[in-house]
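Look for subunit A in each of the two complexes below; its partner is subunit B in the first and subunit C in the second.
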Partner chain A sequence: MSIELPETAGVTEQSPEELEALLDELVIGRDDHLNAPGYVIKPDTVVESLRRLRDDAGFDHLSCVTAQEYDDRYESIYHLKKFDDPTQEVSIVVPADKENPVSQSANAVFRTADWHEREAYDLVGIEYDEHPNLKRILLPDTWQGHPLGQSYDQDQPQVVPLREHKNPLLEDQRAASESETMYLNIGPHHPATHGVLHVKAVLDGEQVVDLEPDIGYLHRCEEQMCQNSTYRYQIMPYPDRWDYISAGLLNEWAYARVAEDMADIEVPEYAQVIRTMGAELCRMAAHFLALGTFALDIYGDFTAIFMYSIRDRERVQNILEDLTGQRLMFNYFRLGGVVWDLPEPREEFIENARDYLEELPTALEEYHDMMTANEILQLRTVDTGVLPPEVAKSYGATGPVARGSGIDYDLRRDDPYGYYDKLDWDVVVEDGCDNYSRLLVRMREVEQSAKIVEQCLDLLEDWPEDERTIQANVPRTIKPKDDTEIYRAVEGAKGELGIYIRADGTEKPARFKIRSPCFSNLQTLPEMSNGEYVPDAIASLGSLDIVLGEVDR
Partner chain B sequence: MSSDNQQPFVTDRSRVTTDTQDARLTGQDDRFNSRLREAFGSSPFILTKFDKFMNWVRGSSMFMLQFGIACCSIEMMHTYAVKHDLDRFGAGVPRASPRQADVIIIPGTIVSKFAPRMKRVYDQMPEPKFVIGMGSCTISGGPFQEGYNVVKGAEEVIPVDIHIPGCPPRPEALVYGVAKLQERIANGESAPVVVKPYELEQFGDLERDEIVDQLAAEIDTDDLVMRYNWADSP
Partner chain C sequence: MAGLLQGEVLLPEQLADLMGLEGPLGVAVGALLGAFIVGNIMLAMTGVAGPWAKRKITAAFTDRFAVNRIGPFGLFIIVADSVRLLGKELIIPSNADRPSYDLAPIVLPASALLGFAVIPMGDLGPLNIHLADPEAGLALVFAFASIASIALVMGGYASNNKYSLMGGLRAVAQNIAYEIPLIVTAMSVVIFAGSLQMSTIVAEQGATLVSLGGIDIPAWYAFVNPFAFVLFLVANMAEIGRNPFDIPEAPTEIVAGYQTEYSSVYFVLFYLGEFLHIFLGGAIMATIFLGGPAGPVLPGFVWFVIKIWAFFLFTQWARSALPRVRIDQLIEIGWKGMLVLSFANLVLTAIIVGVIA
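Our next item is the complex of A and B:
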């Protein structure tokens, strides 16, 4: 009873030497990371190197771009993977001059580099040559300095002129420009943007001709917070607040995984089962909210679907509260395990959870009756917001967004961690590429999650009493060796949630970079909505299921 | 209404008054003996100040602004929806437009880019308006207080009537906070107004003399600034 592993025979794996031979004259040094070989290249050969790796070696997934400042240089790291086999990784390290940090943009090879590099420019201060639109992305345009750079003075006053925030609709946009188009401002305070997203749309009649998401309204310095906290205890509460739609345990796992791999901590099997169960419960809760708000976006269904989804979330949250002691911000994982065992009496907890799972099929049927079988919803979602797989890959889309476009990519199976590889479940893939497929993927994933939880409950029930180790023996302070670098990802509720850490020999990370799935997924919004009607753009935004805490971090 | 009263409804005026009066006095028909009457005694008039009456009305029917910022908004949604159902307390009608709302719940971390927007939403709400700060973030910046981009509490931007601590506060806590706010409104209390972030404020309490007038003339009122003095923030 274990999940079928994907066909990886077709994906040739290159040895580090082969890759070096492929990059040949471009490589000027090696800087290996724990997870992947790293090649140092010159700042003006980025496009060439990435193109060779993508076209000749099959590294088609630019997972993340990390920028950081050292005492003597700046550095951009491109973390590459393969969609067909994410365990094959390679890092391209691009040092840039300390005085004048300029580096070539990767935008020509991977579209996703656009936002990632803007963020790097905004927070660290590296400038990217040939970048189509290099301006600040998370902070206001008038911001002075680059906050994650070394010389930043956090106490300096910052000024944001009101003109930056003036109402863009004050003047009649059409009359002013004498064009046929109209400017439509959506957000940042708008019920359909799922938080504080700002979308600038240009319309021609009812159709969208240009659409630009403007983010940064919830940029609360998560990376800085983690860099100021100790590995052992202080970082763990923060991941809960990245994707706050009840996906807390999934996020905590991202940090737990990277830190455990870095410090070489072995997690007891029993704890892995509890983690797997908790994480899947979180995924269910997160997907329920996605369903509820999607119905709200599409046909303003506040009374039925939304309430149903909140009802189901409440039930999941009750189970999670029994397990962790918290409704939303769990802080339940510890490095090397979880903080406590299942609540006593165990039988009651297991029975409660089973009860819930038993009633789930009926609930899901209700959702199907009211959503997928609903003609209005079908009219609004089938064949709207189309995202072809190649485009999705180029933007680094992952999670249900990628799986709704027929990309068979799920880190739980492809890069196994926890207990997933010993359980029996399926990866849900739909190849409609439209809003409807993304909705379907989420609904089916809830079923799969329930299947996983059920198996975990069986395992936990029969686990011999004297083998219930919930935590490995982990030292009180963790100080990974100087200059250890690692990038690791898990499958969060929205997709690949990765973390890059560089250690400097102290008990706090020197660089902590979060690769947020929503950040990349949101980038596909203009692709999906240009040329479509405004309501379809709203539907596409809903189907992306972004959470701004994770987009802005 | 007593159902065992056999008399059909009579239109004869002289009889109606005495009948109902009798019925009431003998306890047969207690529809006039409402709780209100108990509270105000036997007088058929309610004597109150109009202000006081308005305050009571305001507190008893509040329109909330549908306003989500961060993690706390998830718990806020739960408070509105089934199980906790804030509507039970006469305060559960979320309005999407600030122009129709009485109360704004601020559920989350405020960062420098969002603060002016929030101020504008607040400004768009009609008077009288009330503000509930939900979560530690609106008190002090919460877990992100040391962040370079985080405004250290909602009070830096707009006046807050009720603070609800917690990260996030449980829905029960939010319900309690709303009930407290209703109590305060009914008693005619609300927060003192603070207008911190605008530069003009620096001249606000100066006496108007030549220099101040000149300085004031130099200010481009179309381009006031939001200034974040991180060092002075709490």
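Our next item is the complex of A and C:
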């Protein structure tokens, strides 16, 4: 009945001592996190350490880069994992001087470090040596100071008139006259950027020569807001607003998981089943929207596919509304469980959900008829936006984007949480590496999610009435021990959604870092689009299924 | 039935007769009045098609309701939309190339309206809705229709916007690639009819192809040479820039192509022009492949309108169902596929007509 675990035989697991021996002379101390050994290294040995861990120990996934400022130092943390077995984790802690925070860039080993380090520079203020393009990423270029740094002045006026700054419009932006290329701003107002994304494109005729996504238009200081809220109740509503396209419960789970692991809270099994069901319903809704908008990008008009996908998403949302009372911003999870049980009458709820699942195969058949079987769509998507697995890994791509490139990586199975490991379902992997594969992965994942929901419904129906505990006994205030650090991730709709928390003994986190899957996935866009036509770049962007709310946080 | 329409009195002369005018004055007044009537009929159809029919048809294809609040079946949306569109501010980009920026939205609908001059639209009561019947009618209508691409380039270039420019250039590439197969395919019809004159082409289709159980199937060229019909249909879709060949506009790629910077009245004119070109495309198809205004019971003009609306319906169907091809794929289909097929069709038709028949 339970899901088959991946073969981990080939993945050797190193003990912390072995890793220390591997890093050898580079290690200057230990700073263990709750779920991963942490090694402190010198700021100028980042590349060497990461290269050793990647090449000799198999840590090929730079999941996240966290930066923070202490009273006496700055610190960058590289959270490493293995794509083959994400339960093996290691943290590389790089302290930097308080007066002159300079640290070596990891860009030479992991391409994904590019954006992550830019964000660290932007928000915290650490400078990265050898970084190819160290400039602000979320905030405007004219921003004064680094908002997550300790010495940041909140009262400083930030609206800087152009006359006091270098006016970007004064400079002649035209390419040299003998140049064959054309510079084109795609977005922030463009019908196909799925929100406020700005892509700086250099075109040669209709072909993309270079492409650079410019993000930050939707930056809402989510990390800082979480740092100013208490663990117990105040943080939970925020995750709903990261990936706001129906993936709310998946995001809430990311926070629930990290906080529960940190405070050692045991979640009752019954609540885990409800969580699993709710999360998969959210995944279905999110994937339906991804399907519809991808079709919109390829077809160019609001076609039947878009309407059908919205229709099916609507039905999922109705079920979620019955369950949580909300349609988008659910706020349904609590630390230690969920806020309430299934709605009464239970039979009706279960029947409704089952009715929907019964009709789903017919609906999916429709999508296949209209999309994947359409020859023009195949002409447009097969072998376009190619993302080879090595490149995807280097950029830290996860979720359907990685699985469309043949990377068999799904945290629900590989780093089990909730009730997933006791249910029967499969991880969907396609190895076409192109836009078509990513589309197929999402369509087939909807089937798998339906399968999970179905099993959860069976379980919930038969659950003995007196054992329906929806919440564990959780203290009113949670104060994890000082200097507890943890990084935990769940499989969100778009990929690995991770959260790093450092506690300082109070009831609010001292550092709250969100690892957004869309942020890493969007980084692969230039790799996918360079050399291809503009329409393919648009299709690739659609196939990444980004939500700017999550990219910019 | 052959030769029935030939030598028939055309609309300008009929109007002159009705008013009792004679000589050059009568022809001039009749022609102006006739052109006014035909132009307005077409504009009225466009007015119904743009704000209302297009929405209703697409909605039916995509499982929606569309306009249904104002008036019966939402029909008064036409009025509301006209007021809305004309009432909007006319924004002109600061570095627009003025004369051509202003001319482009006029050239586009005008080119389509000119095309209707030579289309025989059949009888309506005592009137024969047909403005002119020159010997080179078919060549003339193609010439008028292809003025459209000039308008698109003018608009695209003059807007001083990169998206517009790309849209304009795409329009040219597409027009060149599809105009040739379009006209070569039409030539195969000319081989059948033996004339470029529209009335002759229509009259030739009046003959009976085959009699099935007492019902005469007319020799419409769509029945005589369905292959050419399909080729022409595809090339025509590309020529008027409808899905899956709507790449000069391609909203998800280049915003709205050549019309990105146009607003208010200019936008309406562009929109009108596009719809007129769809109807002109339908009119050409109806004339050279579907027997023109021919049809049982109803007056010829009604049949003609039904046929061009059927073509309009077809374009909207394609819009709701087909993904857009990429620009390079479109050009490839045009030059490597359509061109070869259309020449093959022409040669085969010539052999069949010249050697066998």
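Couple of notes before you dig in:
The rule is short, and it goes like this: the second predicted complex is superposed on the first by the 532 of 553 C-alpha atoms of A that agree within 3 Å, B and C clash if a C-alpha of one lies under 4 Å from a C-alpha of the other, contacts with A are read in each partner's own complex, and residues count from 1 in each chain.
Note that a residue touches a chain if its C-beta (ideal position, glycine included) is under 8 Å from a C-beta of that chain, and two chains touch if they have at least 3 such contacts.
The shown structure was predicted, so the numbers you read here are calculated from the model rather than taken from an experiment.
Residue contacts after overlaying the shared chain place A:151 against neither subunit B nor subunit C. Contacts of A:307 after superposition: both subunit B and subunit C are touched.
Once chain A of one complex is fitted onto chain A of the other, the partner contacts of A:206 are limited to subunit C, with no touch recorded for subunit B. Of the two partner chains placed by the overlay, neither subunit B nor subunit C lies in contact with A:362. Once the two complexes are overlaid on the shared chain, A:15 sits clear of subunit B and of subunit C alike. Contact with subunit C, but none with subunit B, is seen for A:299 once the two complexes are overlaid on the shared chain.
Comparing subunit B with subunit C, more residues of subunit A are touched by B. With both structures placed on the common chain, the touch criterion links A:534 to subunit C but leaves subunit B unconnected. Of the two partner chains placed around the shared chain by superposition, subunit B and subunit C are both touched by A:191. By the touch criterion defined above, A:379 lies against subunit C but remains apart from subunit B after alignment on the C-alpha atoms of chain A.
Once the two complexes are overlaid on chain A, the subunit A residues touched by subunit B in the first and by subunit C in the second are 191, 306-307, 311.
Within the complex, the subunit C residues that touch subunit A are 58, 61-64, 162-163, 166, 243-244, 246, 250-255, 319-329.
By the touch rule above, subunit A contacts subunit B in their complex via residues 138-140, 143, 147, 152, 154-165, 167, 188-189, 191, 194-196, 216-222, 224-225, 228, 237-238, 241, 244-246, 289, 306-307, 310-311, 313-314, 327-329, 548-549. Looking at the complex, you find that subunit B touches subunit A at residues 66-71, 73-75, 77-78, 81-83, 96, 98, 108-109, 111-118, 120-121, 143-144, 146-150, 167-168, 170, 222-231. The part of subunit A that touches subunit C in the complex is made up of residues 182, 184, 190-192, 206, 295-304, 306-308, 311, 370, 374, 376-377, 379-380, 533-536, 538.
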